[in-house]
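Presented sequentially are two complexes of chain A, the first with chain B as partner and the second with chain C.
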Partner chain A sequence: MSQWIEACVTDDIDAEDVLRFDYGGHSYAVYHSPEGEFYATDGLCTHEKVQLADGLVMDNIIECPKHNGRFNYKTGAALGATVCVNLKTYPVKVENNTLYIQV
Partner chain B sequence: MTERIVIVGAGECGTRAAFALREQGFSGEIALISEEHQLPYERPPLSKQALLEPKLEPYYIASAQQFDAARIQLHLASKVTAIQRELQVITLETNGKSQALAYSKLLLATGASPRKLPTLMGIDCYYLRTFEDAQRIRLGLKAGKHIVMIGGGLIGLELAASARQLGAAVTVVEADSRILRRAIPANIAAALAKRHEQAGVHLIYNGTIQRAYQDKNKINLVVKTGVELRADSVIVAIGTTPNVNLAQTAGLAVDNGIVVNEYLQTADPHIYAAGDCCNFLHATQGRLRLETWRSAQQQGNLAANNLLGVQQPYSAVPWFWSDQYELGLQVAGLTKPEHQRVVRYLSDNSLIEFELDSTGHLVMAAGLGVATAVAKAIRIAELLIAKKAKVAPQLLADPNLNLKKLLK
Partner chain C sequence: MAKKLNMRKRYELLTRGLGWEPTYQAKEKVFSNESYEGIKITDWSKWEDPFRLTADAYWKYQAEKDKKLYAVMDSFAQNNAHLNLSDGSYVNALKLFIQGVSPLEYQAHRGFARLARQFSGEGAQIACQMQSIDELRHAQTQIHTISHYNKHFNGMHDPFHMHDRVWYLSVPKSYFDDAKSAGPFEFITSVSFAFEYVLTNLLFVPFMSGAAFNGDMATVTFGFSAQSDESRHMTLGLEIIKFLVEQHEDNLPIIQGWIDKHFWRAYRVLGLVSMMQDYMLPESPMSWKEAWDIYFVENSGALFNDLARYGLRMPKHHEVATAEAEHLSHQVWGIFYNYIHAAAFNIGLPTEAKMNWLSEKYPNTFDKYYRPRIEMWREMEAQGKRFFNMGLPQLCQVCQIPMGFTEVSKNDPMQIAYRVSEFNGEKFHTCSDGCKDIFDHEPEKYVHAWLPVHQIFQGNCGGAEIPDILNWYHFKPEDGGDYKGSADEARWKAMKGEASPATSQSNAAA
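And now, the complex of A and B:
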């Protein structure tokens, strides 16, 4: 059953950056795009279990902090070479400067 | 005749090149040749996390189905014994049977082999390169055993950390006055050495091995410092030598690796070399031979493009990582003694050490922190190095400054 979970205050994430959020033993990564929109994906890279929130966000792309696998964090699409399995994405909403993700 | 590209060596580099050829639309035959018996696998885990798993398993680069789908003919347990350059034919030996295989282009990705320590000739000691090596080493890594690691380089230190985590007593004997001189600057090395000592590793510096002898199941090592060590297992990790015999016999130039230009091409236009085995001309760094997973992968991709007629030079900033205990080390660029150094202290055992050249350009960044905590900063530094950015030392030293601002 899906539910909305409070992830963080929107100010916690700089524009074009990412933050780790753990809930129920699961890691998520929440993103603030350069255009000011928010997104959420699974927190661990699909290649080896590395925290994506330690990686660099450039435009729509999150880069794995270890092997440079790249994903489009808006769609979860894996962008080749080291990563070939897409990243799961989650719906988000902002209410009163608080970011919620649906898990 | 169908075009056929033959790749000798199925490590990270050769395997990546094979897949990249298909990704780039090459429709001819691809033969990928490996002396090993199993499907190509990743080597980095063999000194780190793979050893800590209850059962040591290879981390395969690709499955048999993926090789089939990409129409890559994998010749396992096979050795290339000769290259006849004028005929563009190699001699391939599999299970004692010899066959000739014609190539339109040839990629040598033969890798490197652990350097042997002459003092230990005739002594039972271990070297790490293959999965089988890791299996043999793994058997001795347990509580109650004393492991002596010769060499305080990346492989030696990763193995030391793994051995400690498995409960073995560990002594590391380093010939230099500090660990990792070639790879990382002094402050990072000191922080890492401290972590090893906290974990109970006994580090011996300036420790040349003078003599070794075996008695019963023990190996005794006499170190120049006067210490005598008694080990259950001795592991030697003192660097590698490139596998160049095949190229040398075929008359190709060899000088600490198979000599290639910036396009990874040898003097023979039909033959390329990439990965650990090659001495290449870096677009900005001069001649280099790199022995890292990242460069092996990048050079595999690049060689594939250039084999297909693209003329792209290798210009990537050298980069590597290491995992020891809970710590992750990441390094972009090459450390040199003459560089100016700036340290950014992040927390107790987390710091980044930057190096600037004489004209103030950022040229190297090494970071140490828990898991991938320093990854973002090192990735940004890598981009700044690639851009040939000049950065004020006080900005680099300030832990509150978001390095990403310097990229804009």
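And now, the complex of A and C:
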């Protein structure tokens, strides 16, 4: 059953940056887009199990630091080699400067 | 307390922030290699990073890759896992790899280090610097992996010395020398695009899938580790081509000319891979022709369709290479059957099972052109008349391969292909239209080619007799020749308990 989980306060993530968030033995990555919106995806790259939050965000792209596969973090779309499996995305909401993920 | 910088800001500081405008020297003097090839760069800031890594992240992830690889290598050595190989003759593929390919990794390391210094764009500098370090890592990990085999088999004791001198190793060496002695933009077009992007799968997949099929998990693991860097190298190759073509319209014909040239140069080097794949692997995952169809005809065909919008087309003579795919491995192997006494690996006549596999994989050519010759050689061997060619072959002035290729693309596969160019009143010979085009475009470069056969005739290779030359190569007498009856075969049988230890020890000590 899905539930809303508190991930962080919005000030924790700069615009165009990413933060790792662990809950229930699962890693998530939460993003703050340059336009000021928030997004969430699975935390591990779909290619090998590497934390995406160690990678670099530019515009709406996160690049995995290990093999440089790129995903659109807004849609989860894998954007070409080395990644070919899309990233799972999760709904988010902001209430009182707190970011929640629906997992 | 100051807030920690986010990744994006750190990335900008650690990449673009490393550049500066020189004040007491002209920029053209600081980056003196950037203009003489005729390439026009109007704005380096248009460079889009093919990957986004800072140096600290690079070291962290490369260290992780190395840790994994060395754990596998240690376990391989501790368990004597070479005993799990399909057959001892498989190791000959590794000999060719360490002699012919690993030194190229080192050459690439040097080449990219020069680019990191000579490109004035910071993004390109960083990408080339990381690739330079990658290539050094590849040379090192390959040496470390294969050093385990060097404890048990011949031919792997001095690969870098051999690479600089030996007749068949001058084929890969001269290709990289050609690229390294060109300007930085030609080097990167050659190595990053023509080689790493268009043809790399034809080098790595046959070796690594061959390793997997034949029980060599150590080599598979260094292959995977290297391939994880190759994905970065391939994106760099594609980015540089697109960047150069978009910078100025005058760049297009120069780039296309380099693609044509270095495709052909690299393709000729891959002739060695084709032989390894079809004739040297005890268990063969796929034929050269099958690999060519997938990785060149299909994949590179799609790539060049995509690049058509930049005005780029398929490399010149690609259709010749595709026609030759049904002949290449057989012709290259035939050359080595003639001269294997002067090599530092072993080959042998294919078994009946391998012949049938070749018939199946090459229905248009093997039974018609190549099986009869092999059967004749087999008959001669049975009569105790094993044929070795004691003469020295004529070499192509460009690719440096003995002139053994035929007029396949002219539907005359029994006729040796032979081209002649004249320069300053002298004649120079090449093996194909591809190599002749390259010679004719820059004859003043290729007249300087260090051709191993010419060097032997000129007295520069240790002496006039075969033992003198092999000694100068650092080959031992037992390094070459047929696998059957070789010291390595005896050793393998002893390790597997198939021969008396007395026999194997005397061979191992030989």
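Basically, the second predicted complex is superposed on the first by the 103 of 103 C-alpha atoms of A that agree within 3 Å, B and C clash if a C-alpha of one lies under 4 Å from a C-alpha of the other, contacts with A are read in each partner's own complex, and residues count from 1 in each chain.
Just so we're on the same page, a contact is a pair of C-beta atoms (placed from the backbone, for glycine too) under 8 Å apart; a residue touches a chain by one contact, two chains touch by 3 or more.
Just so we're clear, the structure is a prediction, and the values are computed from it rather than from any experiment.
Looking at the shared chain after the overlay, A:Q51 reaches chain B, while chain C stays out of its contact range.
When both complexes are overlaid on chain A, the residue A:G76 reaches neither chain B nor chain C. Touch criterion not met for A:G43: it reaches neither chain B nor chain C. Shared contact residues of chain A with chain B and chain C: 14, 16-17, 54-56, 63, 65-66, 68, 81-82. Contacts from chain A toward chain B in the complex involve residues 14, 16-17, 50-51, 54-56, 63, 65-66, 68, 80-82. Note for the complex: chain A touches chain C at residues 14, 16-18, 54-58, 63, 65-68, 81-82.
Looking at the complex, you find that chain B touches chain A at residues 23, 294, 297, 301, 321, 328, 371-373, 375-376, 379-380, 402, 404. Across the complex, chain A is touched by residues 6-8, 11, 51-54, 57, 60-61, 64, 228, 231-232, 234-235 of chain C.
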